[in-house]
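In what comes next, subunit A is part of two complexes: it sits with subunit B in the first one and with subunit C in the second one.
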Partner chain A sequence: MILVLQLAVAGLATGSVYALIAIGVVLIYKCSGVVNFAQGAYAMVGAYVSYVLLSAGLPPILGVIFSMAVLAALGTLTERLVLRPMLKAQLVAVMMVTLGLLIVSRAACLIIWGPDQIAFPKVFPEGSISAAGIFITYNYIAAGILALVLSLGFLAFYQFTPIGLQQRCAADNTRAALAIGIHVSNQVSLAWAMSAALAGLAGTLLATLNGLSLDLAGIGMIAFPVIVVGGLSSLVGALIAGLLLGVLQSFTDGLLTPALEDFLRAHTSIYSVGALQQVVPYALLVAMLLLRPQGLFGRRGTERV
Partner chain B sequence: MSTRHIAIAIGVAVVMAVLAVVLGRYGAYLVNAVAIAAIGALSLNLLIGYCGQISFAQGALLGVGAYTAGNLGNAGLDGAVAILGAGVLGALVSALIGLPAMRLRGLYFAIATLAAQAILEYLFKILDPLTNGVSGLVIKPPSIFGIPMTSDESLVLPSLVLLVIAWLVVSRLLRTDLGRAFLVVRESEIVAKGMGIDVGHTKLWAFLIGGFIAGMAGALIGFANRLASPEAFTLDLSADYIAMIIIGGLGTWPGPIIGAAFVVLLPEVIQRVGEAAGISDILSALRELAFGLLIILFLIFEPRGLTALLSRIKLRRIGVVPPAGLRATGEGSQSPEGRSR
Partner chain C sequence: MALTASDVTIHFGGVVAVNGMALDVMPGEIVGLIGPNGAGKTTFINCLSGTYRPNTGTALWQGDELIGLSPSALLRKGVARTFQNVASLHDLTVLDIAKLGAGVRRDRRTGGHLLDFFRSDRALEELLMESILAPLELNDVAHKPIQTLSYGRRKAVDLARALAGDPQLLLLDEPVAGLTSHEGMAMAAAVRDVRDRHGCAVIMVEHKMDVVMSTCDRVAVMAAGSKIFEGRPAEVQADPEVRRVYLGEP
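This part shows the complex of A and B:
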C-alpha cells in the first residue's frame, strides 16, 4: 500500500511536468492547427538556457524567468519565420517542418554543449521528507507542485483574462475573431510564445530531477499520448491526462514490470521486458483513438475534413 | 506506365550501375544506399503521396523487413526467398499499422502511426529470440540465387533490379482502378464514398502494397549492413524517409528517387567538405544541423519538391513562363493547396 502511494506521488510529479508540455502542444494546435513535434526541443533548449543562466550565478527564480523569456522569443521566432510561410502547405509538410526544427535544435545543442550529461545546478534544497511511510525528495515535490501550479495558473489565465479570451476567440473562429477586431496573427504568435515558455520551464524542471542531456528532446513525444488521451483540443484534458499518464508510467515501472518479468522468466525464455513504461502510453493512445477518438475531454467533430 | 517511363527507369538503373562500377568500392556503397532508400521512398510515396495516409512508422517497417530477412537468411534460406519473406511480413505488419486508418483520418491517423513506431521499436528490443535485443541481430552474408553477396558491389545488382521493378509496378498500379481510387481517397474520402469506392478496402491495399515494398527494402538494408539493431530503425529513420519524398516531390513519379539520392548523398557531401575544412570533431553534429536546416528551408521555399523545381527550370529554359499555380508533372501531382487547417 505504501509502495502504491509512493509510486502515485512520484507519478504525479512527473505527470505534472508532462502536462506542462502537453498544454503547450494543445495551445499551438488550437490556435494554428499545427501539431508541434518541436515541443521537446523547446524543453531541451529551455533547460540548457536555464543551466547557462544559473551557472552564471543568477538566483534560481530570476534565471528561470529569463530562460522562459528567451524561450518565448524563440517560440515567436519559430512561428514567424518557419510556420507562417507554410500556412497553406499540406499537413505532412507542416509536421515534417516541426520535425526538422527538432533535428536542428538537437544538433545545435550538441555542438554547443556536447553529448555528455551535465549536472544541473541545485535549484531546490537537498533532502527529503517521509510522511505516512512515503519517502520523497524535495526535488520531486518542488518540481511537481511548481508544474501543477503553473499549469493551473495558465488554465486560469486562459479562461479568465482578456488576453485569454482573445486567445480562445482566435482559436475558435478565425474570421469571427478578425471581424471583432482581434489581431489573429499576433494571437497565434502569442500562443507559440507561451507554449515555448511553458515547455522551457518543463525542461528546466526535468533537468533538476534527472540531469541535463540531449535526451530531454525526446520528452516532447510523450505529449502525443497525453493530448490524444485528453482530447486534442482540450487544455484541461491535457492537464488531467498528463497526470494520469505520469501515474500510469510510475505504476508500470514499479508494479507491472516486476510482476510481468517474474511471470515471463518462469514460463518463457524472455528475461526482461525492457522499458515497458515507455510504450504503455502509446498502447493507451492506440486504444483511445480506436474507442474514443475525441479523447476524454475533446469535442466530437474537432477533426477537420 | 508508358514506354517512356520504362526507358527512364532502366536508364537510371544503368547509369547507377555504371557509376557503381566506375567509382569502385565507395561508389558501389553509395549507389546501393541510394537504390535501397529509393525503394523505401517509393513505398512511402505510394502511401503518403498517392493515398494521403501519413505514416511515421516507415522506419520500424523497414526494421521488420531487416529482421525477417536476417532470420530467414541466417536459417540458410536463399536471399531471394528471404527478401520475399520480408516483403510478406512487411505487408502484414503494414496492414496492422493501417488498421486504425479504417476509423481515423489525417492527423489522428498520423499520431496512431507514431504509436506503432514506438511499439515496434520496443518489440525489437525485447523479442530476444528473434531480434537479439539491444545488441542487434548479426546477419550472415546471403547468397541470392546461389550467388554469394559478400560486398556492396555484389548487392548493387539485386538492389537496382528491385528498384526498377518497384518503380514500374507502382507507376503501372496508378493506371489501374485501384490506383485511381488511391488518388480519390487522398483528395476526399467523402467524394470517394460518393463514387462508390470502398475507402477502407482501398486504404488496406495501399498499406499491403506499400508494406510489401518496404519489407523488401528493409531486407536489403539488413543485408547491406549485416546487422539489424533497434537504434537503426527509429523515428529518425522515418523522418529521413518523409524528408525524401517531400524533398523529391510528394506524389510525383520521379520524386522518391530524386529525394532518396538527395537525402543519402547530402550527408556524404557535408562529410567530405567538413573533412577538407578540418572540422571533423563536430562533424556529425554539423551534418545533422545542415540536414535539418535544409529540410526546413526546402519546405518553406519549395514545398512541392525538387521535381517541381526541375520542371520549372526546364520550362524557363525553353522560354515558357510557368503559370503561377504550376503543378508538378507526373500522374496525380499535388493535392489542392487549400488544405483546411
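This part shows the complex of A and C:
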C-alpha cells in the first residue's frame, strides 16, 4: 500500500512535467494547426541554458526565470524565422521542418556540450521527507509542485485573462479572429513563446531529477501519447493525461515490471522485461487511437498525426 | 468632414467591382448604401475596413488615411464593422466576444497588454452587460456559447462586438438581412440608438427598404460599382433611374 502511494506521488511529479510539455504542444496546435515535434528540443535547450546560467552562479530562481525568457525568445524566433515563411506550405511539410529543428538543435547541443551526461547544479535543497512510510526527495516534490502550479496557472491565464481570450479566439477561428481585428500573427508568436518557455522549464525540472543529457530531447516524444490520450485540442486534457501517464509509468516501473519478471523467472528462462515503463505510453497511444481517436477531452474531427 | 472616401476602385482580374466610388459621411449621420446584387456595396465596405486593398482611391477619416490599414489598426482608430455572414466561433460565449471587441480597441489607449494582466474583468463585464448587451436583448444569453444562438441573435452579437470597441465610424454590412421583422426592427432601433448616444458615423449596406427608409439620414445608390444617386430617403424612392435599376418599375 505504501509502495503504491509512493509510486503515485513520484508518478504525479513526472506526470506534471509531461503535462507542461504537452500543454505547449496543444497550445501551438490550437493556434497554428502545427504539431510541433521540436517541443523536446525546447526542453533540452532549456535545460542546457539553465545549466549555463546556474553554473555561472545565478540564484536558482533567477536562473530558471532567465532560461524561460531565453526559451520564449527562441520560440518567437522559431515562429518568425522558420514557421512564418512556410505559412502557405502544407501542414505536413511544416511538421517535418519542426522535426528537422529537433535534429539540428540536438546536434548543436552535442557540439557545444558533448555527448556525456552532465551533473546538474542543485536547484532545490537536498534531502527528503518521509511521512506515513512514504519516502520522497524534496527534488521530486518541488519539481512536481512547480510544474503543476505552472500548468494550472497557465490554464487559468488562458481561460480568464484578456490575452488568453484573444488566444482562444485566434485558436478557435483564425480568419474570424483576423476579421474582428485580432492581431493573429502576434498571438501565434506569443503561443510559440509561451510554449517554448513552458517546455524549457519542464526540461530544467527533468534535468534536476535525472541529470542533464541530450536524451532530454526525447521527452518531446512522450508528449504525443499524452496529447493523443488527452485530445489534441484540449489543454485540460493535456494536463490530466500527463498526470495519468506519469502515474501509469511509475506503477509499471514499480509494480508491474517486478511482478512480471518474478513470474517469467519462475516459469521461463526470460530474466528481464527491460524498460517496460517506456512502452506503456505508446501502447496506450495505440489503444487510444483504436478506441477513441479524438482522445478523452478532444473534439471529433481534429487532425491525426 | 468625418469620412471622405473618393475614387475608390478595385478590380479582380477583369472584373471591376468598385469603380470610382466616392462617399462622405458626417459624425452622427447614418448613410444607407443600397443597390442591386453585385453592385459592389460589400466590396466597397471591405475596401474601407481593411479586408481588401483597392487599386486606387483614398478614404480620409479625421485626416488619417484608412486604406491600407489592417482591421486591428482600424479598430484602434475607431473604425469597426460588422459582417453579412456571422463568423463562427465555437467555444466563446457572447460576453467573451463582447470582451474581445472591447479588448482589441483597448490595446493602445491603455498602454497595451501588460496592464491587462492586472485589470479586473468584473468592471468591464458589468459595463458591457449594461451598456452593450442589454440594449440588444442579449443579456440573458451572455454566458452561452455563440454557437447555440439563432442567426438573428448572432448578428446582434456581431454588432455588440463592434460596439464594444466604442467606434466612431461603424460599417454595417446587411445588419438585418435574414432576420425576422421583429429582430430587424430591434436591430435598426439599436443602430439609431448607438448613433444618438455616441454620435458615431454609420454606413449601412442594406436591402430591406423599410429599414433603410426609417433608419438612414441619407442614401447612396450603387450600381455596377459606381454611385448613381445620392440623397434623402424620400428623394431616392422618387428617382426614376433608381427605380429602374434597383427598386423595380412595374
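Throughout what follows, the second predicted complex is superposed on the first by the 300 of 305 C-alpha atoms of A that agree within 3 Å, B and C clash if a C-alpha of one lies under 4 Å from a C-alpha of the other, contacts with A are read in each partner's own complex, and residues count from 1 in each chain.
The criterion applied here is as follows: contacts are C-beta pairs under 8 Å (C-beta built on N, C-alpha and C of every residue); 3 or more make two chains touch, one makes a residue touch a chain.
From a predicted model like this one, the values you see are computed outputs, not experimental measurements.
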| item | value |
| --- | --- |
| First (subunit B), second (subunit C), both or neither touched by A:279 | first |
| Touching partner for A:117 - first (subunit B), second (subunit C), both, neither | neither |
| Comparing the two partners subunit B and subunit C, which touches a greater set of residues in subunit A | B |
| Partner chain in contact with A:169 - subunit B first, subunit C second, else both or neither | second |
| Which superposed partner A:161 touches (first subunit B, second subunit C, both, neither) | second |
| Partner chain(s) touched by A:183 [first = subunit B, second = subunit C, both, neither] | second |
| Partner chain in contact with A:228 - subunit B first, subunit C second, else both or neither | first |
| First, second, both or neither for A:128, with subunit B first and subunit C second | neither |
| Contacts of A:107 with subunit B and subunit C, given as first, second, both or neither | first |
| Sites on subunit B touched by subunit A in the complex | 48, 54, 100, 103-108, 110-112, 114-116, 118-119, 122, 125-129, 188, 190, 235-236, 239, 242-243, 246, 250, 282, 285-286, 288-289, 291-293, 295-296, 299-301, 303, 334-335, 337-341 |
| Residues of subunit C touching subunit A in the complex | 51, 70-72, 74-75, 80, 83, 87-92, 96-97, 99-101, 103-106, 113, 116-117, 119, 121, 161, 165 |
| In the complex with subunit B, residue positions of subunit A that touch it | 32-35, 82, 85-97, 99-104, 106-108, 110-111, 221, 224-225, 228, 232, 269-276, 278-279, 282-283, 285-286, 289-290, 293, 303-305 |
| Subunit C-facing residues of subunit A, complex | 160-163, 165-166, 168-169, 172-173, 175-176, 178-183 |
